[in-house]
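So the structure is just underneath, and the comments pick up after that.
Labels A, B, C, D and E are assigned to the chains in the order they are written; within every chain, residues are numbered from 1.
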Amino acid sequence: MSTKTSSALNAPSSGFNGLSPLLSMLSSLRYPALGITSLLAAWWFGGYLVANDPDMWAFANFAPAPTFHALYGLVASGAIWPTVLSSLYRILYGLFWGIVIGVPVGVLIGYVGSAMKIANVPFQFLRMISPLAWMPIAVLAFPTWDSAIIFLIVMAAVWPIIFSTAHGVRRIDPNWFKVARNLGASELHMLRRIIMPAIMSDVLAGIRLAVGVAWVVLVPAEYLGVTSGLGYAINDARDTLSYDTLAAIVVVIGLIGYGLDSICSLLIKRFNWHVE
Amino acid sequence: MGASLSIDYVTHRFSPSAEPTLKDIDARIEPGQMTALIGRSGCGKSTLLHMLAGLLIPSEGCVRVNGHQISSPSAKWNMMFQKASLYPWMTVQENAALGLLFAGHSKREATRQVDALLDMVGLHDKKKENVQSLSGGQQQRVALARSLATNPEVLLLDEPFSALDAFTRSALQEEVPAICRERGITMVIVTHDIDEAITMADRVLVMSQNPGRIVSELPVKLPWPRRHMDVGFQTLRDELMQQFKGTDTGLSGRDAQSSQPADSKAESAA
Amino acid sequence: QPPADEVVRIGYLPITDATVLLVAHAKGFFEEEGLKTEPPTLIRGWSPLVEGFAAGRFNLVHFLKPIPIWMRYNNNFPVKIMSWAHLNGSGLVVGRHTDAKSFADLGGKQVAVPYWYSMHNIVLQMGLRHAGLTPVIKSQSETLAPNEVNLQIMPPPDMPPALAARKIDAFIVAEPFNAVGEMLAGGKMLRFTGDIWRNHPCCVVCMNENQVNANPVWTQKVMNAIVKAQIYSQQNKKEVAHLLSRDGKGYLPMAANVVEQAMTLYDQESYADPNAIQNANWGSGRIDFQPWPFPSATRLIVNELKQTLVGGDTTFLQDLDPDFVVDDLVDYRFVKAAMDKHPGWKDAPGFDADNPFDREEVVKL
Amino acid sequence: MGASLSIDYVTHRFSPSAEPTLKDIDARIEPGQMTALIGRSGCGKSTLLHMLAGLLIPSEGCVRVNGHQISSPSAKWNMMFQKASLYPWMTVQENAALGLLFAGHSKREATRQVDALLDMVGLHDKKKENVQSLSGGQQQRVALARSLATNPEVLLLDEPFSALDAFTRSALQEEVPAICRERGITMVIVTHDIDEAITMADRVLVMSQNPGRIVSELPVKLPWPRRHMDVGFQTLRDELMQQFKGTDTGLSGRDAQSSQPADSKAESAA
Amino acid sequence: MSTKTSSALNAPSSGFNGLSPLLSMLSSLRYPALGITSLLAAWWFGGYLVANDPDMWAFANFAPAPTFHALYGLVASGAIWPTVLSSLYRILYGLFWGIVIGVPVGVLIGYVGSAMKIANVPFQFLRMISPLAWMPIAVLAFPTWDSAIIFLIVMAAVWPIIFSTAHGVRRIDPNWFKVARNLGASELHMLRRIIMPAIMSDVLAGIRLAVGVAWVVLVPAEYLGVTSGLGYAINDARDTLSYDTLAAIVVVIGLIGYGLDSICSLLIKRFNWHVE
């Protein structure tokens, strides 16, 4: 999405430039390339600093070169795939439940004032509980480790979704409700035709945040009785001081997260009704 | 068929401590009657219309439709808002068809029905477009089609043609009452245009401001369609203009600076 | 005011393995040697402790014995083992739903270990292999063959509830989590590790080689204090337990009675069924303190590590020569000098007056 | 002092593949001149005004102010939008004073200056209120005050009085040109009201639709203030009405259904 | 905040009921009371279930009764205060930096299209990094344990703020930008007079989420060499399996979090320009 103002002003003319599609695609990659380059540069520089510090050189493995070497090793040996799959499964399952619970609850507390008042105190308490504090409960309450981990992910990921959704509902133009009632909308119509389309981009923004939170929680969650997954691999890498592997796993998580986020972005574009 | 409306001693304050915006409004409207409401900007016309639509509960008094007090909106008494408030994620057609969808019509049936109305308001070539790319007047016409489509018993129009050019406006000033007469719809139109009031209504209510009251009422007993140059039309216009002028000097006395030139102009116009 | 790196900066985990470091601090042994100290820093988890040590935050720490092997030979970090921190002190606890009486009964079961590179994992796998079982690392949903035992890594605090909720069938861990597992989760002590491998090392005291070389005098003073603390701890287990606990100086978060049980309760009546103490004649305690880093034990550990199943990449281990490690990894000079100065360590279990600095490793499975 | 405006062969498409919305618009406006732009709803009046304000870049041709091509908005050429777009977190006063604040005036000074304007538009008793509680016409008047306050060289008004009652409107139809004359502001007003165009402008441009073109131009050479009943006024009105009618039948032929009754009505009005 | 519709419809009449202020205050506590009661009931029931399980009864200490007993103990002995203070300090400090970094960055990527394109990839990678994976870096890079912990909190809390802010900027009515430019707003005016007031409630919604995330991260962050704090106390409680203390600390965190959240809510109300 481009600047509001410049798009409002110049969008019509931008279609007329003489660039071939390929060239314009390349030039649209300019910005991401700049971003990636800066990240790599900062990363490399961090590694360089550490490598040249007499006390800390042992940690210099997290620099880009060893990391990509380790990443290559992980991919080439195929060791990464089961790891990725099992974590992805947990994340997606957790997000699924986060959405299934979070969106309706968010709409409810955004729309119905009393629901909001009832839920406020319990939600404030629940959402501040660290996954590490939930762990004993998860261990006691769930039959399998996987379900305990998914529970931890849900307990962390559901809040951004609930809050974003509720915030979106509260920001809906009150006139839109009036007009709909006035046209005879039932509560169901209101939900399907007015509220859902109106808040879609907020829900997706919440899900985007939830994706990040889910990955963040995955690492402590995979302390629990599992022997595969990216969080487990990170714990393992730290245990063996293999900071190259650790950084490689972080890169993998970043790539997957980026993929999930891109899906959300696409959906936001799809459901965004603001004219650009 | 149309419904009767009854406004029973309505007084309204937007906050308990404020001066009343509307005061002791009392009026009855017959089924199928077409009533115009005129008054200065800010006198409370939209507020009163919101009450008739069940969108606002008066702080005193009540509003009845067919004798039943109303306290919530319904598709039976539809209001077209002063601001178009279209849904930006829908096309023109979808916006216009919304009331029919809510009433349980299938998408196809609803589309078919609104197509005729969209043709009438001159938007045949904009049906599939996003409402955000419409001009101000086009948006207003979508809102009009949307209100007409629900086929309500009571139709409340809040300055429905304010963004339209003289020709489009003039066409619709004829079409809309025709539709209402045909279907027996009770119509209330808020307008700031005295000619429009006379052209469209069976009677005209004049509101004063600070507080908003109904200060006079004029039946319009002219044949349809009404011509601006007819003598009856002109007489009524003069009479209304006098009434209207009275709302300012007599009752508020506040709007002095803007009312002074208005008087002189209005006189010359009359 | 001494330079910053001459202040003794201890990092520790809140477990009984840290006893000697904490006692040396609590009892003022460092100050007796003329050293300045900072209050020991509590860290949760081996990884942050290793990182803090490698980043120079600490100059005196305790590590599980395999960790320095890893750091020195996989990561080329100049770590040196200065002495042992304690002997024994761990056990294998089984859930009451399992009815397991011996290692052989663990076939097809789930067992949790605290850390792949730990004595616990090594001893556990020695026992499993001896009983003809194969340790594996599989996901929970995969079915296990009757002769397979699935291992998983788990933070010690989660072990007792996991055992109670029947998610795992057994765990092997250091004290006091065994004691807690017995008391709260209805677990049974299947075997003490010290009853399998006589007076095995568990944690070791480590320092940075550069620091040692740069500051031999300082190092000697530190080691003197450590040896004194070893002797004191071995002779006053009960008092030390109280001292470390929340009710004493609060180095550990546990209550005094838990720490006490974890350090002292070691009799055959209490642990008859299953028979957790089969070698009472060894004269070991639940935990013991003895500083000398017997080379034979280091050699055994390196050899065992090579056959121990762990979750990471262990290629560097295969080329590791145990005899080289014995001399390269451990610094015997300072601990020896300190032991010469403070002979109280001779009370430690398994002391052999004829050959105090060598021993034969005894493993009875 | 006012600036000159020059529209040089402007053609505009909202998307490269679409039919042009504006086509070959070419016009020059002298400094201090007051120009009215009339045309059917949706013919492109607002679009053209956006270009004059520098808020939209034409896909072909260009717009010049005092000879310089403009490509970005500026406080010197101010546009009052068709939709009021007030900032809901500000009071009436703050909204109106915004341009002065941007221009570097102190809050006190800005408030003092807009107070007079707010009095003029009849909002003296609403100054401290939140703009969300205003009626449609009141909001429009705030926007007008905001535009006037910046004292621009060029003032672009997009149907500025559409939500006002006859009296308020009539007063402002006199006040606004008076201010512009006094300050030498070049004014362009878009309106759908032929009387308004004649009352306020030195010349009237008539736009056709599909595509939007300027089809005719009429100078208004009447003395100020202008009276609706004057003979010159009536002649001009009749002439414009004819031109206006032509925009439909002659060039688009699409709006048939709505234009038919419009013609008859407009004729009767004329 | 009450239902949009009911408030739009009934707000004017609701001021006129005959209840005395005291009574109406009491009745406004009805909903929160219901919420708290349900939470307590669910909690009690969970404890009841565990207590009645022959395997797990020993872990039933997290039930309300033992928890409040433990809480009383913590408060009565005064042991809780230094704990609360040191954590609160870290949280507030972390939030402070989260806001100081997050709001400008969020405005920038929401407003300037190219900034968004540049930052997208690096941000997607950075935000998915677990605090546990950051830990080695934090230990290396920061001179004190406290600053390392605050770094971990910032790295987690900054994302909701950035994303909420950017989302808010992108949702601003494009007309508001047009009008402002048209009135001669400089970029600075735009920021101060238009963007900031327009997005205030989004920023605060982001901060509300960040408060929750900060508490969640506090527990693993206080793994690191500190000897006080609520996260530290939770870790302690976990090490000793004192689930009553653990639950008591969770309650304390909930209370503080609720307090912080209420401040945000108040600010949202203060800065919300939607008419209710």
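Operating definition for what follows: a contact is a pair of C-beta atoms (placed from the backbone, for glycine too) under 8 Å apart; a residue touches a chain by one contact, two chains touch by 3 or more.
Just so we're on the same page, UniProt names per chain: A, E = ABC transporter permease; B, D = ABC transporter ATP-binding protein.
What you see is a predicted model; the values in this text were computed from it and never measured.
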### Message
What are the mutual neighbours of chain A and chain D in this structure?
### Response
B, E
## Note on the structure
Of A-C and D-E, the pair joined by more C-beta contact pairs is A-C
### Query
Among the chains, which is located farthest from chain B on the basis of C-alpha centroids?
C
## Note on the structure
Rounded to the nearest Å, the gap separating the Cα centres of chain D and chain E is 49
### Message
Measuring centre to centre with CA averages, how many angstrom lie between chain B and chain D?
### Response
25
#### Entry: CA centroid of chain C to CA centroid of chain E, Å
40
### Set of chain C residues in contact with two or more other chains
47, 51, 55, 157-158, 161, 164-165
### Summary
Multi-chain touching residues of chain A, meaning two or more other chains, are 8, 56, 59, 135-136, 140, 178, 181, 235, 238, 274-275
### Task
Pull out every residue in chain D that's touching 2 or more other chains.
14, 55, 72-73, 83, 133
### Task
Under the touch definition given earlier, write down the residues of chain A that touch chain B in their complex.
173, 175-176, 178-186, 189, 193-194, 197-198, 271, 273-275
### Task
Please name which positions on chain E make contact with chain C in the complex.
55-56, 58-59, 135-136, 139-140, 145, 223-225, 227, 235-241
### Task
Quick one: which bits of chain A touch chain E in the complex? Just the residue numbers, please.
1-8, 31-32, 34-36, 38-39, 46, 50, 56, 59, 62, 111-114, 116-122, 124-133, 135-137, 140-141, 156, 159-160, 163-164, 167, 169-172, 174, 177-178, 181, 201-202, 205, 208-209, 211-213, 215-220, 231, 234-235, 238, 243, 246, 249-251, 253-254, 257-258, 261, 274-275
#### Entry: Residues on chain D engaged by chain E in the complex (per definition of touch)
53, 55, 72-76, 78-79, 81, 83, 85, 87-90, 98-99, 101-103, 130, 132-133, 146, 150
### Message
Using the touch definition from the top, list the residues of chain C that touch chain E in their complex.
### Response
11, 14, 39, 41-45, 47-48, 51-52, 55, 57, 96-97, 156-158, 160-161, 164-166, 180, 183-186, 253-255, 258
